[in-house]
Amino acid sequence: MSIIKINNLSKSFGNLEVLYNISFELEAGESLVLLGRSGSGKSTLLRCLNGLERVNTGDITVAGHKMDYESSKLRLLRNDVGIVFQQYNLFPHLTVAANIALAPRLVRKVSKSDALTLAKEVLGQVGLLEKIDAYPSQLSGGQQQRVAIARSLAMKPKVMLFDEVTSALDPELTGEVLDVMEKLAKSGMAMVVVTHEMAFAKKVSDRVIFLHNGRITETGNPDEIFSSPKTPEFKTFLGAVG
Amino acid sequence: MDIVFQFGPVFKRMDLIIDGVTMTIQVALLSTFLGFLIGIICARIRIEGSKKAKFVVACYVEFIRNTPFLVQLFMFAFGLPQFVALLGFNIRPSPYYLAIIALSINLGAYSTEIIRAGLEAIPKSQIEAAQGLALTPFQIFSRISLPPAIAKVYPALSSQFILHMLGTSVISTISVQELTLSAGRIQSETFRAFESYFIVTAIYFALAIAFRIIFKLAARFALPWLHKTTNRS
Amino acid sequence: MRSFGLNEIWYMLQATQWTLYLSILTFVLGGSVGFFIALARCSRSRLLRAISGLYIQIFQSTPLLMQLFLIFFGLSLIGFRLPVLVAGSIALTFWASAFLGEIWRGCIEAVPEQQTEAADSLALTPWQQLRYVILPQASKIALPPTIGFFVQIIKNTSLTSIIGVTELMRASTNMNNATFEPMKVLAVASLIYFATCYPLSLISRKLENKLNVDH
């Protein structure tokens, strides 16, 4: 059963075409990595998947929801789709526990004590249980990003979207975040990851899509795509990122 | 020539002064609550309202900010009853309520601009994160945008409150029995005008200082996350 | 009973002159005193900073109406029987000088420290540093909030009507008492105030936006 199904997706900002005729499917439990140079449209594509960006044409179905920009339908979809950003975007005025409990309480109407249990559970998953009462400003970037992942997990999503989540981190802090994501992928969470971390793409992903100028230029499983790139664009890209 | 200050007779009417202080604080707090409420609503409209609504709010804000409070107060005090009578109602609202309305509407315009500045400083990514968590627009505004926005402009809002509290002295002109009017009554009984106003001015001064301290302390309790930025690990 | 017509509006417009004279006088006198208050606030002398700080604190922490009453009754207590216009101008001057002093202090402090250091190392005297380096930069920053404060001055001259200065507000009250048409009288009064203040507010905001873009 496919958890994401994209058909003929196109998007432009004014006259500038950023995504052109994108189609792909993702099976439940699979993890997909989107590669591409900056400006290739990979982040825009990811943001189309939970409706933060609106497409001009094309059909999108995510976690059983057909994309509909009517706000209440959009919220139903976002209920099942978690997203983590480059800038962690924790809410500065809320403690770690409150950051995590906020959406379950407001959206899913979970009771206060259940929300706290939930917060502890997901914080355990990202290994930050001891920071439950801290404020975001008291955490390192890597810890904030792990809390942001935990915050998404608390909504029990069917799909997780990661938008360059390690790009804003100091190199020595990326490992702890990637570890959490790897564990998540292994546990069978369907996820779409925009990243520059080649090692992660090679080791963790089930499938890779390479975007160039808003088009899917190359796609396949990591073993074959990295060992025998077909297009010159992907070869150049691999050469550049090492 | 000798100048003799006589504060004794003024102190004999301490009861009037205490009544005045109570009323001044009451009026200031009540109109501030309503004024900030208006400010929050209008600031939200100025950020994400329809074009028409934005225009209406802009007119309100500009009109209030570019006319004296005294004119606004008289409009409510003399104009509103005339208007109500024209509509055929036989109500005479008391000066107290008229003053509260005028003060709230006045403060509402100033706080709209302050709170709007705070809301504009909230990064768009914060709102996207909340959208990603499936929060409704109202939840996003009240839980995600507003608290940090208020915290950001907290100093400006506190000074606005002090100015506003001091500004309530003007409502003595429509006979609300607050601190300034107490001074007026005492001077008409004792004929010690300067002494009466001197003491009352000192009380306003003390109130302003006291509220400044209260706001500083309140920030420590209400906004702990602003002060906790240490012990990163 | 009089009815509210063109003659009455004309009377109010004439009184508006006094609102403007009083505003300009307050601005000039208050600005002159406020300039030195601002310098004292930024001075190296601790005593000067403390005194000017207290001065600002006193006038910013008491109602302008009380300041008006105290000057009005205080002057008559020590034997000066001055016209209300003079008492009003003196009180407004004190009040405006404290606020302008505080506004301008902020503008002087907004000039980066390195500018003083650079001027220092060029062997300029403190006065030369101020005159040729700090003030030219500070005055650029100061223009928008100063115009903004001038609007506050215009609005607050209305309080002098309470001690009997016949400016626009007092004239409006007189007209109201004569015609019993508060809505019309106050509508005209607020329109005159708005027509005077709004253009200044607009200029102030335009200049501020320009300043923000330039930096």
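Each chain gets a letter, A, B and C, in the order it is written, and its residues are counted from 1.
The definition used in the following text is that a residue touches a chain if its C-beta (ideal position, glycine included) is under 8 Å from a C-beta of that chain, and two chains touch if they have at least 3 such contacts.
These numbers were taken from a predicted model, which means no experiment stands behind them.
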item	value
Touching both chain B and chain C (chains)	none
Which two chains share the largest set of C-beta contact pairs	B-C
For chain B paired with chain C, centre-to-centre distance based on mean C-alpha positions, whole Å	21
Euclidean distance of C-alpha centroids - chain A vs chain C, Å	56
Inter-centroid spacing, chain B versus chain A (mean Cα positions, whole Å)	46
Complex contact set, residues of chain A against chain B	50, 52, 71, 75-76, 78-79, 81-83, 85, 87, 89, 91-95, 102-103, 106-107, 134-140, 148, 151-152, 155
Chain C partner contacts - residues on chain B that touch it in the complex	1, 3, 62-63, 65-72, 74-75, 78-79, 82-83, 162, 166-167, 169-170, 172-173, 180, 183, 187, 193-194, 197-198, 200-201, 204-205, 208-209
Chain B partner contacts - residues on chain C that touch it in the complex	58, 60-67, 69-70, 73-74, 77-79, 151, 155-156, 158-159, 161-162, 169, 172-173, 176, 182-183, 186, 189-190, 193-194, 197-198, 201
Contact footprint of chain A on chain B as seen in their complex	123, 125-126, 128-137, 139, 143-144, 147-148, 151, 223-225, 228-233
